[in-house]
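The same chain A turns up in both complexes below, where it pairs with chain B and then with chain C.
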Partner chain A sequence: MTIPHRKFDALIIGAGGAGLNAALRLASADLRVAVVSKVFPTRSHTVAAQGGVNAALANVFPDDWHWHMFDTVKGSDYLGDQDAIEYMCREAIPTVYELEHAGVPFSRLDDGTIYQRAFGGQSQNFGGDQAARTCAAADRTGHAILHTLYQQNVRARTHFFDEFFAIDLIRDEEGAVLGALVLEIETGATLVIEAKATLIATGGYGQVFRTTTNAFINTGDGMAMALRAGVPLMDMEFYQFHPTGVAGKGMLITEGARGEGGYLINGDGERFMERYAPRALDLASRDVVARSMVTEIREGRGCGPNKDHVMLKLDHLGAEVVHHRLPGITDICRVFLGIDPAKAPIPVFPTAHYAMGGIPTDRFARVVAPARHGPEEVVPGLYAAGECACVSVHGANRLGGNSLLDILVFGRAAGTDILQYVAENPNHRPLREADLEPAVTRLARWERKGEGETVAAVKADLRKLMEDHCGVFRDDDTMAVGVEKLKALRERVEHARLKDQSPTFNTARIEALELDNLVDVGMATLMSAHARQESRGAHSRIDHPARDDERWMKHSLYSRDGDRMDFKPVRTKPLTVESFPPKARVY
Partner chain B sequence: MQISVYRYHPDQDSKPRMQTFEVPEQPGMMLREALLAIKEQDETFTFRHSCGEGVCGSDGMNVNGKNRLACVTAVAELKRPIEVRPLPGRPVIRDLVVDLTQFYEQYRNVQPYLIRKEPLPEQEIRQSPADRDKLDGLYECIMCACCSTACPSFWWNPEKFHGPQALLSAWRFLADSRDQATDERLDALEGPYKLFRCHTIMNCVEVCPKGLNPTRAIGKIKDLMLEKSI
Partner chain C sequence: MDRADRLDPSLNPKLDPSLAAEVSRLRWQCRRGMLELDLLLNRFLDAGFVELDPAGRTDFVRFLGYQDQIIHDWLMGRAVPADAPLRRLVVRIQQAMRA
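Up next is the complex of A and B:
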């Protein structure tokens, strides 16, 4: 069977904010750009982002990109790369204006400027008073941004492959990336998309945990593709648990709810964050708030009959603020809890939310991997941006409002660099049939007939395993057992079978391919977490409760080949300003 | 509880059929979870879904005769036996999955993007809170297609009539104080079909899971046209 080929200048895998912002940059410059997405673009998970995007516009309080940079470095627990962080915080300002010009319906202040709200971990003047840096469209900022970017791509005539699933990257003998093998979900037909440059923008992998704010589609597809192509994943032990997921269900309640004045209470009705973060209170960094909540519950001060959650209180803010500034939250509470958050508190629990780690890139969104000449050699023709990438701007803990910023800034940076790369490399590199072999084999594996476990059964066990062995608090024993169990589970995947072998809109097959991806990124997470013997940011070890800069101020790299761990230094030198040296992190 | 779902597989079935599944009901269960439970029993059962909280717009379907989003529909509120069918009027690809090509095409037809003609300022384009409020009830559309596939005018003329979703989007930009293409937008909506096939049946308003009102948006477009023609 010969697989048809199509050729584009650039291939973008994923149509969330990062992919669409890159596509917009490229299509506007008249490049032939193909965007492959397993769902119609506006269904991408960027749509669910609520609170907003950070930029030091100073519309409410005085602000400065340099203060934003300080907060981000501190928030990262000093694991973020300061060159990339400086770049992101500077670029934030023109990026938000550009989005506004593109049509994003931001909420407004009385003077007609963009509404900005307070978010966690934000300060004025390098650790001073609370800042208001998060630009918001009510609590539907992600939706507003994603739809606007799709709309502008419609204008720019970007070529979309909607409901196409990427199987694997295609690499030649020299390691250059030539494009990807993709599957049209509706027909089951395969297609080779050849491109001079390929951008992975596939988002996160929250589905590896049982309770998550993430959508069904967030299965780490691009990260796993990178792993299978021989690229390691970086800092995968740093997985953010958002303090306020709806308890037991997982729907996200934006940090903006606390930014608007909401706060957490325990079973005694106490505002417990006063004890953990006397200054920032409920707007301390997410890792700090999540740990405080779990500590309250562990010490018996939880709410409800089982004392297994805490409450987020908004009822003192008044219906006008709650319903006008947080309409999406109001809806979620009404539909899933049957309450009005302006009248009753919301039961919340820290919920798997965001991957700080991912595919290692530089600040131009070029994928970098260890090779002959050092730990950060560019993989020719391969880019990554957004949650699937690790630049690293979030280090060990991401600040709220910095994820929309990350996807926009580095999606755009990828577009800019691809323009230059394609100008310098005007021809497609030759693709031999043999280069397709690994991708074709991966797809064929799920065509095996016979008896075997279902994909759903293995996936359910994987998600439970990750929750039990790689949660908010971790220790050596629990994770060592987890690694062994996960290796056994990886074997089970080999013996799982698909009953549905239809070519037509076969979602069972897509879920099987996603399971492969989840297992790979799950292993990366658990192995990296087990290796790191310190507590930093979102990675909290009961057996190593302190941060250890001497031994561990370094990035970890997990390679799939032999489940190998490797490390590389943090880039502490910014582009133009002084470095922020590591300090104790107090909020 | 029993759920009867529409089954159609083009490679195997000459015509569609309904199939009933028994699903254990859990407290607070949403229809999407019930459908996932069916898929665990029979992995060939096919439907679109993703976010599970009513923002991605993937799981529009017809439930007991009404178009709804499965993920925000509590099964406890539904009359038994529950009957789930694909969104009406669109070609069925498989089971609950319909072909939405025409629906998306109509969206793209209304120039659904902000158009500015003046040079852009260095900072944001100013917009008063009152002007921004005019976009509420418009920009929140999630393109789930519940409205357009509930509209008889769209059933009969999906190639010519834009349908409620696309017209709501058209008004979203006409209503935006920052947009500078009002005349072109209105001109493009002229003719007997694109806009004027709306007969204010208001099915769209009744089914919108986000509580939006396409009929009112269509009325506002007509008002503006009238105002401009005087």
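Up next is the complex of A and C:
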């Protein structure tokens, strides 16, 4: 079988905010750009971001990019790379103005400037008064950004491959990336897209956990492609969970519900936070609340027939408060649970929200991996940006409003660097048939006939396993057992089979390929979490409750080959200012 | 046979093959950028779609052509579609979620 080839200057895998901002930079400079997306571009997950994007515009309160930088370093629990953080916080300001000029309808103040709201973790003057740094387009910032960028790309003649699924990267013998093998979902036909530079911008992987806020498409495809191409993943143990997601579904019930006076109860009707956080109660920090909930469930005090969730009680607040101050929660309960939260409690469980870890890059979005000459050697022709990448600006913990910023700033940085790279490397490198083999073999694997487990069954077990063994409750025993179980599950995938072998619109085949990816990123997460014997940011361990800068102020790297763990230093030196030395992270 | 299996032609010989093909095509169109939409649309595809008459199925295809944010507002009850067939569809999708 010969697979057709198409050639472009740049290939971008993913059409969320990161991919589209990179594409726009390139197409505006008249490069031939291909953007591949498994769903129609404006259905990318960026559309779900409601809160907004951070930039120190100082429209509401005094502000400074340097304060933004301090908050981000502190928020990262000192694991973020300070050169990249300085770059992001400085670039935030022109980035937001650029979006404004491109037509994003930001909400306004009376004087016509962009309205900014206050979010947790934002301060003036290096830890002083509350700052207001988040720019929003009503409650649909992600939607507005995505649509604006998409329209601009169409105008700039970016070539879109809509509903094409990227299977794997193509690398030559010297390790340079030559493009990717992709599959057209409608026809099942494969295509090789050759490019001088390739950007992975495939977003997050919340679907590896049973309860998540992430859409079904967030399966870590790009991260797993990087792993299979021999690139390690960085800081994968850092995954942000929200304590209150709708049990069994995942949608977020905002902290506002507890802020208004809602509280959690267990299966005995007990207000259990009184035992874990006698003062802060249900408003204790997210990780404390989430871990307390799971402890109640593990010890048999959960609610429901399977005792697998707890309840969030709002009914004592009265219909007036619940319906008027918490309209979003009221809607979710009505539509998904058929209940009125002013009358009945809401079943809740911690929900997986955001990946801090990912494909290691420098601040130019170039993928860097350990090689002969050190831990950060550039992989020629390969870039990553957005939630799939780890620059690292979020370190151990991301601040609200900083991820839309990350995708825009580093998407653009990728575009800028690719322009230069393509100018310096004007020819496509030769691609041999043998370079395609690993990708073609992986695809063919799912064409094997015969009896075997279904993809859906293995996937459900994987997601439960990750939730039980690498969720918010982490200790050595729980994770050691998890690693063994996951290795066994990885074997089961080898024996799973597809019943439906039809070529056209074979969603089952796509789901099988996604399962391969989920297993790989799941292993990266679990192995990294097991290795890190401290608590830092979103990674909190019961058996190592404190941060340990002496041993653990370093980035972790997981390689698929031999399930190997490696480490590299944090970049504590910013570009132009003094570094922020580690301090206890208290708010 | 569970709901999803009923829509799988290899498991349910009684399923009209052209309808089965239509369902697999629409399955991918029900993959959206928001979890809420994934849950609502996929549930409806499994539970309510085959019960629609041909006009209703055409309406559903048209419905899927709208932007995520608009569909979200309709299904969460924050806005109402202008035409009656889509309004009926919204109610059916919401009912399927709670069934």
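The rule we apply is simple: the second predicted complex is superposed on the first by the 482 of 587 C-alpha atoms of A that agree within 3 Å, B and C clash if a C-alpha of one lies under 4 Å from a C-alpha of the other, contacts with A are read in each partner's own complex, and residues count from 1 in each chain.
As a working rule, contacts are C-beta pairs under 8 Å (C-beta built on N, C-alpha and C of every residue); 3 or more make two chains touch, one makes a residue touch a chain.
Because the structure is a prediction, the values reported are computed rather than measured.
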{"item": "Fit or clash - chain C, chain B, common chain A", "value": "clash"}
{"item": "Chain A residues touched - chain C or chain B, whichever exceeds", "value": "B"}
{"item": "Chain B versus chain C as contact partner of A:499, first or second or both or neither", "value": "both"}
{"item": "Partner chain in contact with A:100 - chain B first, chain C second, else both or neither", "value": "first"}
{"item": "Contacts of A:558 with chain B and chain C, given as first, second, both or neither", "value": "neither"}
{"item": "Chain B versus chain C as contact partner of A:47, first or second or both or neither", "value": "both"}
{"item": "First (chain B), second (chain C), both or neither touched by A:152", "value": "first"}
{"item": "Partner chain in contact with A:164 - chain B first, chain C second, else both or neither", "value": "neither"}
{"item": "First (chain B), second (chain C), both or neither touched by A:8", "value": "neither"}
{"item": "Segment of chain B that clashes with chain C, given the candidates 110-118, 182-190 or 200-208", "value": "200-208"}
{"item": "Where chain A meets both chain C and chain B, residue numbers", "value": "39, 42-45, 47-48, 140, 143, 147, 186, 215-217, 249, 251, 331-332, 335-336, 456, 499-500, 502, 504-507"}
{"item": "Partner chain A, residues of chain B touching it in the complex", "value": "9-12, 28, 30, 39-40, 43-44, 46-58, 72, 74, 93-94, 97, 100, 104, 108, 111-114, 116, 120, 122-129, 131-132, 135, 139-143, 173, 176, 178-179"}
{"item": "Chain A-touching residues of chain C, taken from the complex the two chains share", "value": "4, 8-11, 21, 24-25, 27-28, 31-40, 42, 67-69, 75-78, 94, 97-98"}
{"item": "Contacting residues of chain A [partner chain B, same complex]", "value": "39-40, 42-45, 47-48, 57, 96-97, 100-103, 105-114, 137, 140, 143-144, 147-148, 151-152, 154-155, 186, 215-217, 249, 251-252, 328, 331-332, 335-336, 454-456, 498-500, 502-508"}
{"item": "Residues of chain A that touch chain C when the two form their complex", "value": "38-39, 42-48, 140, 143, 146-147, 163, 185-186, 212-217, 249-251, 331-332, 334-338, 456, 499-500, 502, 504-507, 510"}
